[in-house]
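The structure is given below, and queries will be raised subsequently.
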Amino acid sequence: MPAPGNITRVDFDKASSPINSLLTSYQQVRKQSEILCQKLEIEDYGIQTFEDVSPPKWHLAHVSWFFETFLLKPYVANYRIFHPEFAYLFNSYYETAGSFHPRPERGLLSRPTVKEVYQYRAYVDEHMNQLLTDWDHEQWRDIDSRTWVGIHHEQQHQELLLTDIKYNFAYNPLRPIYNPLHPTYETNKPSVRDLPGLRWIEFDEDLVEIGYKSDGFCYDNELPLNKVFLAPYKLASCLVTNGEFIEFIEARGYQTVRLWLSDAWKTLRTQNWRAPLYWEKSGGQWCYMTLSGMQEINEHAPVCHVSFYEADAYARWKGKRLPTEAEWEVAAKKIPITGNFLESGYLQPITVQANDKLAQMFGDVWEWTQSPYTPYSGYQPLKGTLGEYNGKFMSNQIVLRGGSCLTSKDHIRASYRNFFYPKDRWQCSGFRLAK
Amino acid sequence: MPAPGNITRVDFDKASSPINSLLTSYQQVRKQSEILCQKLEIEDYGIQTFEDVSPPKWHLAHVSWFFETFLLKPYVANYRIFHPEFAYLFNSYYETAGSFHPRPERGLLSRPTVKEVYQYRAYVDEHMNQLLTDWDHEQWRDIDSRTWVGIHHEQQHQELLLTDIKYNFAYNPLRPIYNPLHPTYETNKPSVRDLPGLRWIEFDEDLVEIGYKSDGFCYDNELPLNKVFLAPYKLASCLVTNGEFIEFIEARGYQTVRLWLSDAWKTLRTQNWRAPLYWEKSGGQWCYMTLSGMQEINEHAPVCHVSFYEADAYARWKGKRLPTEAEWEVAAKKIPITGNFLESGYLQPITVQANDKLAQMFGDVWEWTQSPYTPYSGYQPLKGTLGEYNGKFMSNQIVLRGGSCLTSKDHIRASYRNFFYPKDRWQCSGFRLAK
Amino acid sequence: MPAPGNITRVDFDKASSPINSLLTSYQQVRKQSEILCQKLEIEDYGIQTFEDVSPPKWHLAHVSWFFETFLLKPYVANYRIFHPEFAYLFNSYYETAGSFHPRPERGLLSRPTVKEVYQYRAYVDEHMNQLLTDWDHEQWRDIDSRTWVGIHHEQQHQELLLTDIKYNFAYNPLRPIYNPLHPTYETNKPSVRDLPGLRWIEFDEDLVEIGYKSDGFCYDNELPLNKVFLAPYKLASCLVTNGEFIEFIEARGYQTVRLWLSDAWKTLRTQNWRAPLYWEKSGGQWCYMTLSGMQEINEHAPVCHVSFYEADAYARWKGKRLPTEAEWEVAAKKIPITGNFLESGYLQPITVQANDKLAQMFGDVWEWTQSPYTPYSGYQPLKGTLGEYNGKFMSNQIVLRGGSCLTSKDHIRASYRNFFYPKDRWQCSGFRLAK
Amino acid sequence: MPAPGNITRVDFDKASSPINSLLTSYQQVRKQSEILCQKLEIEDYGIQTFEDVSPPKWHLAHVSWFFETFLLKPYVANYRIFHPEFAYLFNSYYETAGSFHPRPERGLLSRPTVKEVYQYRAYVDEHMNQLLTDWDHEQWRDIDSRTWVGIHHEQQHQELLLTDIKYNFAYNPLRPIYNPLHPTYETNKPSVRDLPGLRWIEFDEDLVEIGYKSDGFCYDNELPLNKVFLAPYKLASCLVTNGEFIEFIEARGYQTVRLWLSDAWKTLRTQNWRAPLYWEKSGGQWCYMTLSGMQEINEHAPVCHVSFYEADAYARWKGKRLPTEAEWEVAAKKIPITGNFLESGYLQPITVQANDKLAQMFGDVWEWTQSPYTPYSGYQPLKGTLGEYNGKFMSNQIVLRGGSCLTSKDHIRASYRNFFYPKDRWQCSGFRLAK
């Protein structure tokens, strides 16, 4: 197990030579996962308080199973798997890779122990380190491209690891703390109301291309380039804030049926929603659970942990709408990728900064669009079992864009398409308005 | 109750003067609903064998409640409602019109009796007849437009009435017959294999407008006109047939996980799907339940009662895809609206006719597209409670186009957008391929 | 279908000769079932608003299936069954007689129609009438004993028919009326408080025998005679009344956890119990649904439609207990079988009469005992499929004694053991205290 | 945390002076709980794989909460509770002691950690040690009697701790081992078939008294003495063995509906029972999960982990029955309390020894009787919240007698009444026949 200590994010950037870069990136990402778990107690590794979250132990093992299954088994001669049952226990959803342990029961396994999972990681790393220096391997091209998928896959799970820990801790009446508040978090709150007014950034009618077109890494779902006609539109310069969302709550938005989609209203009633996830009112003051325990709400920070349904209802209340993913992407491609990512160490969205341009497009919160997650025209999934990575989820989900305060900076792109069900709220999801 | 007799469809066409037309159309549609029920036993009116279907009695009362609520109550001075509890019992889903009886429990009410429901219809008709000749009414414009909504609404329920009777009868081990086979149904099957080969109809890249742009009736969800860029595409000239779908079944399509979307596979396993709804294999021969009882499958007719998930899996198996709704609409606008509708009396899809053009675009089966049901850019729902008609269903559903063998011919348009959940199969839903 | 008319109960008593008696009793019981349905609408015959109730149509057909299966098929040469599917549709729970239609789905069948069910009854009656005059039949002994089972079985279903109609009608917001109030029901309420005080009737310690020991009909579960030691005990002379139960409600009995068994509390919370079944408070006045529609509660009548759990909690609140079935039976055997049965036409419990002896032991309400339903020592079920009649229910249920206002007078005995689950409330169940 | 080591059961017997005895017994029982957990991994302490089992951590904390709540808080002046949330987290079911954490969610709490739970135990022990030497305490009498309840309560949880660990480990595909097989377990199996034949031990008709009548400790449910009449009966000298139960399985007992009670059959079908819990057939050989991992079945050992429903079906198949609790107790009071208890270290039932007397009445397996768990005539629960200990469970459960291989020897008595639902199988439950 890694020695305990402060979470100080390793400096992590791709080196110049593509080959060095791959190995270094692999090693950095693997180390990062363990750093994120440094402050957990053994007991924290095993629990699953809700079907959609997974135990930290499971995340750590699953990402290793991914490398073992898609790299070591096919490309390392005479590779001996670490344990014959792990393929069953740590396959997430790859049906064509065999049967797997039921998702809602991931928290019911005390064995393998945490120690054994770290041994599994070390075993996989040892063999991956060898494979990634075997530059003459005749399938190097496949190894290279699959390893990059594995690296980005592990980054995705790092974000889930944190959202899942947050969910598990929020469930516990003792409300444990994952990490103390960032030292500058409080001072980050503007003491005077020097906040930007909302501005509407205009975009003309255009026939545009969306999708990824550089030569770095991207997922299959960002391809091929798609030509889309956009009517003129405007995007809000700022994300909707907690303070603004409180106005919606106080205007009885959660009780006003005409604001809600039909499926949204059913969900709201079944789950008894009255505020975003993790919000509680205590003595007249709204508070929320954070990775630093219960905190008073920062009214100037973007609202977070809302579902698509809530974002959509808020927009209807305001007489506005959510942007389409094409509208968002066109705007995002005009600005640099900067923002409040995992590396900042805040671990939650921060105050909206004064600015008359598009702000906080990247980082802070994943932004709900109004676009259902469907394939781009001409979409081709990856070959074989890895084709299950993205393609099979293209129904009933909604696209989110831009990354969050728990996303690694080098994981995000303007063309990046994240997706969750419209009812999901346990991710760092917020929104901005369009019209 | 209407006198029993044969189901002979009234000749039903809009007269020349718009005012005459409205009253005549109202009367014809109202009569049509009762004709469709002529052959039911009293007991058939009351049952609901599945949450998504409604008892015939409920349909008959609900469409009357619609006229009472949206026309008679607001526009007839001193109108006395027929029964104070009926607003609770026969409101379908208009939350802003008050609370309503739970949908899954519509089959648990023996009262009002069928006779009382027909009395309710007669009472509403009597007052509607008066209102629709009160041409000097100062709100005539609203009356006119709302009555047209009510007429088309009742036509929609006529189709549901038949699909729901089919579901209820298929559930019963006695397998009752709603109507005998149409006399020419059998001869309609080609005795020799003079069937058309599949042809691919090509369409060029284009920037098109979709939506309704004539001056007749359309629903709010067909507006406003939307400009959409289409890459070049091809549509299959024919619908996928039962015979072709049997090949998919025999190739173990229902057991091949990689063909299915993730949510599709969960549904398939939960509901134990192995063939389209109503199909049974009996002595090596595929049969299906029809409104004329159990029948051998016509291999040359379009496959029907498949979900979006099955259509999508079939398309993936063939290396093809489903069309988008824009692709379908562009093609449909080039051809006349003819086909096998309710008026033909077949009550089921018929054999694909030899043709090297687009065939069976209208009638026979609703065609699944790959397009999630979302608002057109600039969409405005109707004002007030009627705004719940379409807008609130714009999440998680998929667009179907073209009408079916149970749709009235004058109900359908090229721009008409029907929508169901991707798992739904009890409607007459089939599909054609695109690439 | 029988001609409509008033429910005037046929005079119904067993004739002198055992053979005449059988045929006459058969005919009277069969006629009685149809009389009980005279005032139903066709629609009322088909519904099932709750898993434990059955549609009236189903009851009428099931009791006929019983005679067809256990009498006509085995004992009538070349008997042709009425319809091959009816064995599947109308078998209740006889697993060894073949598979059967799922109980919760009995209300989903519009066919056979009510008319066809009456044809079925007529067909069975015609053949039974022949069989029951075939006195030289070599299996006459079996025919005789099984027919008596069938007769008593149909009487049981007559009671269920009424309790189920009551449940179905109470569910309907229109609150239909099955039969108007009995003309003397109101005058039956004492205008002055000339009611009996509760008296405790004492019984000495004794070694007693319980069970049936005459030569008439009894069920297998009343045999063989069982010797039981009873410590001294006292029984309340009266049943607990509605007025007394209101005191329990007003003392927050339903909110006081220590009064309730663990399983009782779970049930109470899951089902949100706050009063007996069918009770509603309207403008400060307790009312209840009856077979004559909603009525104000008669405070002097026995409380009815309470579960064992509620009876037990009330007794604990009073520092008393419920009697055991042996205690009840010993007392009941000392008094004649008189009371408010179906024949009185009240169809609900009536005011407790002044009396210093045990009152209302028979009729009015089934009395919960504290005895789980278990076999008497030496119990032998009937041979063959009929052995499923009673024996297989001997777990998890509680014995009730004495019959109710919906029981036929000639159906009940002091040794009669009825049984329901401790949570069941839709039967006419009340209780008296013991100590 | 206790130092790891072998599980060597402490010698544990009550000392002579009642006062010494209490403190010593307290200390020994407390130590015993920790010894039972010595070989667990931290991860094993937290999981709950099924609603009826609890995490080991929860058991350890709950029994401490019991002493804190019922002894320290009422009797120690100025006692400061260890943690304000623990009353919520570790109350099992005492409704009158406040609200509590939902039972099915006990496995979702990573905090308090195992270390903190051991700190809680130490804190409670420290204060209990003081209280139990405060012999002049004016409420010493209550302290003494409540502490004895707490001691026996902790012993009960020690048995549950082991059955729950077994369930959790059996769920895990890795099938962990709690403790290696006892060294003499294998040699304990008779190498030659020198096993006893079944003998029937006869008992005469008698009027007997059951219940506890010595001056040691007993639970409230064993009182007061109850006079019961018993007809002549016979008890099997031996428990039903695994080998005998295999005959039942092979005779298709699990497929023969007439052998099963109605509720039993529903349970069997819902849960897909085909053998006792933990049994698996592997290569033609029956195996079962034990606390020493998967093992071949010992055909000569008593069958274990069967529900009442299975015991009852087996008895019916044999034309026999289960004994009543009175029959069992009368027989048990004639013999000494010896057998295979926790102290033997086998941790599972052992081979039936040759003997022509009643064998294995105590230890090995809890024996299902046919008696529903009801109060003895005149039963009085303990005062206050402790009254919830036994009384509120007196519905729907069945009495078991005699203790098991996981019961402490000094915990059991001939009058001891254990109780579980008739469907429960995760306890060490078996049975013997009667007739």
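First chain written, first letter: the chains are A, B, C and D, and each begins at residue 1.
To be clear about the criterion, a residue touches a chain if its C-beta (ideal position, glycine included) is under 8 Å from a C-beta of that chain, and two chains touch if they have at least 3 such contacts.
Bear in mind the structure is a predicted one, so any value in this text is a computation, not a measurement.
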| item | value |
| --- | --- |
| Intersection of contact partners for subunit A and subunit B | none |
| Shortest path length from subunit B to subunit D (each step joins two touching chains) | 2 |
| Distance from subunit C to subunit B - Cα centre to Cα centre, in angstrom | 47 |
| Subunit A-subunit C separation of Cα centroids, rounded to whole Å | 61 |
| Centre distance in Å when subunit C and subunit D are each reduced to the mean of their C-alpha atoms | 40 |
| Residues of subunit A whose C-beta touches two or more other chains | none |
| Chains that touch, pairwise | A-B, A-D, B-C, C-D |
| Subunit B residues within the subunit C interface of the complex | 41-49, 85, 88-89, 101, 107-114, 168, 171-174, 176 |
| Interface residues, subunit C side, partner subunit D - complex | 93, 95-96, 207, 227-229, 231, 257-258, 260-265, 308-309, 312, 370-372, 374, 377-378, 387-388, 392-396, 422 |
